[in-house]
Amino acid sequence: MTGQAKAGRPNQLLRNLNSKIASIPMILTALVIFLGGTAWTVFYSFTNSKLLPRLSFVGFDQYKRLWAAPRWIVSIENLAVYGVLSLIFSLVIGFVLAALMDQKIRFENTFRTIFLYPFALSFIVTGLVWQWVLNPEFGVQSVIRSLGWSSFTFDPLYTPSIVIYGILIAALWQGTGLVMCLMLAGLRGIDEDIWKAARVDGIPMWKTYLFIVIPMMRPVFITTLVIIASGIVKVYDLVVAQTSGGPGIASEVPAKYVYDYMFQAQNLGQGFAASTMMLITVAIIIVPWAYLEFGGRKRA
Amino acid sequence: MNSSVSIRDLSLNFGAVSVLKDLNLEINDGEFLVLLGSSGCGKSTLLNCIAGLLDASDGQIFIKGKNVTWEEPKDRGIGMVFQSYALYPQMTVEKNLSFGLQVAKVSQQEIDKRVARASEILQIQPLLKRKPAELSGGQRQRVAIGRALVRDVDVFLFDEPLSNLDAKLRSELRVEIKRLHQSLKNTMIYVTHDQIEALTLADRIAIMKNGIIQQLADPTTIYNKPRNLFVAGFIGSPSMNFLRGEIAKQGDQMFFTANGVNFSLAGYDTPEALQVGRKVILGVRPEHVKVNENLGAEVHDATVDIEEPMGADNLLWLKHAGHTMSVRINGARRFSPGSAVKLGFDMSLASLFDAETELRI
Amino acid sequence: ANATDLEVTHWWTSGGEAAAVAELAKAFDATGNKWVDGAIAGSGGTARPIMISRITGGDPMGATQFNHGRQAEELVQAGLMRDLTDVATAEHWKDIIRPSSLLDSCTIDGKIYCAPVNIHSWQWLWLSNAAFKKAGVEVPKNWDEFVAAAPALEKAGIVPLAVGGQPWQAAGAFDVLMVAIAGKDTFLKVFKDKDAEAAAGPEIAKVFKAADDARKMSKGSNVQDWNQATNLVITGKAGGQIMGDWAQGEFQLAGQKAGTDYTCLPGLGVNEIISTGGDAFYFPLLKDADKSKAQDVLAKTLLDPKTQVAFNLKKGSLPVRGDVDLAAANDCMKKGLDILAKGNVIQGTDQLLSADSQKQKEDLFSEFFANPSMTPEAAQKRFAEIIGSAD
Amino acid sequence: MPDAIALKTADGAAGKSFSGPSGPKPKRVISPRNIMLYGTLFVAAAYYLLPLYVMIVTSLKGMPEIRLGNIFSPPVEITFEPWVKAWATACTGLNCDGLSRGFWNSVRITVPSVVVSIAIASVNGYALANWRFKGSELFFAILVVGAFIPYQVMIYPIVIVLREMGIYGTLTGLIIVHSIFGMPILTLLFRNYFASLPQELFKAARIDGAGFWQIFFKIMLPMSLPIFVVAMILQVTGIWNDFLFGVVFTRPEYYPMTVQLNNIVNSVQGVKEYNVNMAATILTGLVPLVVYFVSGRLFVRGIAAGAVKG
Amino acid sequence: MNSSVSIRDLSLNFGAVSVLKDLNLEINDGEFLVLLGSSGCGKSTLLNCIAGLLDASDGQIFIKGKNVTWEEPKDRGIGMVFQSYALYPQMTVEKNLSFGLQVAKVSQQEIDKRVARASEILQIQPLLKRKPAELSGGQRQRVAIGRALVRDVDVFLFDEPLSNLDAKLRSELRVEIKRLHQSLKNTMIYVTHDQIEALTLADRIAIMKNGIIQQLADPTTIYNKPRNLFVAGFIGSPSMNFLRGEIAKQGDQMFFTANGVNFSLAGYDTPEALQVGRKVILGVRPEHVKVNENLGAEVHDATVDIEEPMGADNLLWLKHAGHTMSVRINGARRFSPGSAVKLGFDMSLASLFDAETELRI
């Protein structure tokens, strides 16, 4: 048998061919749309394209103008406030609800449906409804005033300093249900024995959650964080439907700045520069995550 | 002797399913009791009831003479070790040990003392700063025991603490647990479905089936005088050989007869129970069948079907009078499949069961 | 000709506007073709990106509304729009369209690319007679009287000046104040010549002072859309509103009569000059020959005298032809026509500034009106910067 | 030892030790814990239900009643006219057929888009989980990062790509756009889910001689109901609720219901007709809501399988 | 003898980690070869390479003389049985069996014939219409084997097919697999980390560690003449007793001496390797130590530390000359902890390892 020839390695391109064929849509999307589109956008952010993209380069002018624009600064500040608060509150409320739901309660299905149904509605709808509920003439404020507390004031949508909280209320209403679901799935994945061990050790429920369960749910928190964060960066529809960025420019957000300048102001260059800044923000958020998620797994 | 844990008429239902049925059990002070049974028979459920992690549907539980039926787990003076260890993954070993004490507001000095003592007993001092993920299976096991140890409890509960480990480690840790019991002298209740663990560790074994204790006795009794067919078949690997037949008499000699083959019953330990014509089941353990050597008075013919050499022992599967019989012999003695052999049976070591009640007679 | 469907996109969706569009459609359908309505609600800001995407994406509509001026400039330069010069010559648009600046805005490199349909002027103050009656003051005759009457209105629980939340309303109101207070020359210096020094100067400072008053008076008008603001005036919840002549459509629809129910003050009653912005229809270049023909028909129809009258009466705007008979026009429209006839006109900011600069201006004024802590001085400084870099 | 009876006390009542607590620990229904627990849940539920309540109540009132004030008070006189108007007669520009036209457009857009995007993503996820090839993880990483890119950034390049392909403004174009933007999250879900299925099944099928597609259709698909439900719910809600793509990438004859909703809500005829707006809002959200109510249980299961692991 | 599977210089790396290293293995036609090794040593990886489920980094694989290194799994003439059985959950047993044939476009008639034959051999005819979820562990196991059986393959690959089962079932199925091999006479490659399975089933055992085969031999040789310290320690439960010491001479008698205690080396099987002063490790299996009976010439003193009765056997942990020694005796002989005993060693059954190379001498 020594005479047998060593079989050559077949062409590597053809191995796994079906898989490669099946992945063509993904590869095209990744390369053409996500990579190509992004590169295209970054590239044109250095031009002074107006209504149509054109190749007249102006260096960093668009960026200088961007960072000098009060509306952009306000947008960034709003995004920061909205982002941090909505992260914190989504996680806290979502987790608390999930923890409550995990207590073997009655009507679990009903409660879960109630918490989750807003997620089925679009931001447009959410924005409209909360605009309505928060309207000082008809909504919560007028109702409470009509109950006798006539000095009661709660009109976030018409008060520039707190308008972002009005948007936050609506966003939380829409999104916490999903967070709760994710958390609930995570909680259900925790080993029953851990709970038992904690009970035998005499650790009170809240301490068990705080010191044992939450640290164990790290992966769930990370997944959730990524989902919430990606939504935060993109927030647009909600603001448009609820306040259109008002009063004044008090509730502007970066995505709206991009859209308005690209299409309303017909200044693509400015819009592209703003998108590029958003991309950089996104990169700052997710590159560490992607590194942990994809880089880390290979080593594990 | 003092009763350490006492269970009276305990019942437990999950909805309509009754898992434990009117269960009674007295466990002595310092005793090592093993609950043995196949999967789903209710062992963990019973243990969880004792720990207070499940509410009984009926009945009472006493620990150290105190009725603890309604007490919280932490107030029962028990410590528990779980199959998956249930270590708190993000805490160091030291924190795992001390967390329960800190919550109970024990002074730091006392905590340090107890952790030091437990980690000395379990020899985990070098691991105190590590996290559970950085420990081997055996080390985790020890930490889990340590968590019960620091709490200075009267009763240790173990729920299959070794079944996640590989065979080698399992046999090592078995010895360690045994040693620990010898030095601590606490009451220990240990759930397992591994009979080797039960036989080697237990002072007494309670064999469970469908939520009912089938036999409660020391390992030797369980092994040699199983109370019923279930216990006999459950204990021993490979399992006891069972032959269905009836009792016959020839002259003044009692026989067990099956498939036309007679086995002399001379030497059976309770001869008074042998009535001619009674339908019985004969049980003989594989190591109590002699092959070719020391055959005794009565000799049977058989052929080797399969041979399973296992190192120290050699397991033969024989064809004998229409049934298959397993025989364990010394590992050095080898037989090739198909060869003819002679068998001898020692009835003083065999068991007879009533075919109907399945109880040992 | 056999019937050709032509899709027409626009953002005329309020009550008065929709009624006006129906007139256009009726006229076009009468030619044997079919008007397929592609209304996009919101405002030009919502609708324009969609229109532009469709044109640049290669799926153009048959005709589309833009504010004539500079919004479609680049589309024309990119060769995406249809040249209407032939129709215009045949129909003698040069002769009939008045003021001629309207057609100039449609002309690029000597070719005509759009058909103007109306003249809109921004410079109007609409007053609710009922509100002033309730407050017990005379209906003001000019801006200063209006400002003076404000406290009385407030005391009566009436918001003196209704300003909607949409950014273009604040910016528009400022432009109106500028014409009224600083005058035509300054207006042109700032917006046509982009003279940053003038923008920072004392004349404009006065305008900002007035804008500051307006801001104070508008506190409490918690509405978004311009017609909701108008509605506040109609219902007497607000004293007045600075808004273009399209507001008139709403008064009409509500069955109110100029003079008795409401009062209009062109040029805020200070400086009777009106701007001549307006809407125009552009016609993207289509491959289908039948549709191209239908486009010509539509262009012709839009400027037909009958269409002009019917449309503008409903819309509350002024016709682009000087030769039509507007006997049916109400008081306010007649005032407008008078001013137009006198030639007291200026170009609108849409024609003078790029969309980009307009947007920056909107950002500034919507912030200024919503944020009481922003001083007029700071706002003026930023205004001057915008003008300095405007194109 | 006689028999098993010995282990049981024959007569429980006779035993002296049978004093003290026995049987299950008595549970009070109104314990502080339960009050806290259900109290919090009910308050939270009220917060989540409030807007729905307001929507429904408002949609059943007439305009005069709305103008009188309290949005929370139930309608004095129930009228279904706003619903009829929202569905059939509300005007946008010259078209006065309410949401009805948009509804069928939404169906025409949603059904193929959901099917196509899930089909593509499930195959992608399957390839990534079971048939990795050089670079497959890299493409996937790009894809996931792509999930974060604001849509606005992508609109322009996509318009150009679609124009070059000659399918701008067509239904096909819109389906492609939905598939592209659904791809990152869906692929992630499917990949995690398929990776959590036992690898040995896959190996067994390969040894049985099944190829890429056979394994996918015959082995993997029948086991993947929960994750398909999750994907379906996400896509149905996402695509049904989409406004931006529906309006930017299609022509008016395909405008989805959300566009009509936006038109109705933003076409103010004099005063805002809140009742019609609310009716239109509910009507628009109805389809995803029904999908949720019907398959919500599977949703949580699927989330547990696809999103959290991995 | 014909070679059925032949592996030449096989290497496999996962990224930078080298899992298999230049591995060579010839498996004879009809042979039952067991790959034995602890977790993570590369057994499954090797099996997957043979099956074609993993691409080798280097080297070649021949099956029935044909180079299959780059063949698809289905073209290699192999069948595989997995630890979790990997039955297709949505298909009936019958469909599970016939799936591979249908994929291969075998005629329905032929499929029926083969399924009938396989289900007869495995006695699963009554189960054909059930789904896997409705089967017990043992039945699933049989179906999994059936799936390989219907495909009429030359080589069966088993990847720990029994490790998910409980002890009882495991020992039953072990016998069944052995019987199946005796009747089918196919080549079988069987991966396990359970030494009992390896010893009972194998014609030859390949013991692996870190991707390298440590010893390839029949079970008796492996058990009695382990090639190195690793193999010696790995096989046998409890593990062989090891004593570190050196070789000494007194008169013309060779001794092994450790902690000042001498063990006569009379009877060691390769006396020529014994040089005075050589550092060696003495290995004695627990069942080769005699307690109180049949002691032989040399007698050692020891005390009982712990006793582990295991039914048929009794395991003693003894303290002897500063180290712990395990001894296996008959289950009937009992000793209480602390009692003094006498030991005897039979050097003909012991092993000596070089302390440095760890190879048997």
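When the chains are written out, they are named A, B, C, D and E in that same order, and each has its own residue count from 1.
FYI, a contact is a pair of C-beta atoms (placed from the backbone, for glycine too) under 8 Å apart; a residue touches a chain by one contact, two chains touch by 3 or more.
Please read all numbers here as calculations on a predicted model, not as lab measurements.
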Which chains are in contact with both chain A and chain C?
D
Quick check: more C-beta contact pairs in C-D or A-D?
A-D
Return the distance between the CA-based centres of chain A and chain E, expressed in whole Å.
54
Separation of chain A from chain B, taking each centre as the mean of its C-alpha atoms, in whole Å:
55
Please work out the Cα centroid separation of chain B and chain C, and write it as a whole number of Å.
92
Two or more other chains touching the same residue: where does that happen in chain A?
15, 259, 262
Send over the residues of chain C in touch with two or more other chains.
49, 53, 56
Which chain B residues touch at least two other chains?
none
Enumerate the contact residues on chain A facing chain D in the complex.
12, 15-16, 18-20, 22-23, 25-27, 29-38, 40-41, 53, 93, 96-97, 100-101, 103, 105, 109, 111-125, 128-130, 132-133, 138-139, 142-143, 146, 173, 177, 181-182, 184-186, 188-189, 219-220, 223, 229-230, 233-234, 236-237, 254-255, 258-259, 262, 268, 271-272, 275, 278-279, 282-283, 285-286, 290, 294
Interface residues, chain A side, partner chain B - complex
191, 193-194, 196-197, 199-204, 207, 211-212, 215-216
Touch list for chain C against partner chain A, complex:
44-45, 48-49, 52-53, 56, 71, 73-75, 78, 165-167, 222, 224, 354-356, 358-360, 363, 366-371, 382, 389
Please name which positions on chain D make contact with chain C in the complex.
91-95, 155, 159, 162-163, 166, 168-170, 247-249, 251-252, 259, 262-272
Which of the residues in chain B come into contact with chain A in the complex?
48, 51-53, 72-75, 78-80, 82-86, 88-91, 99-100, 103-104, 147, 151
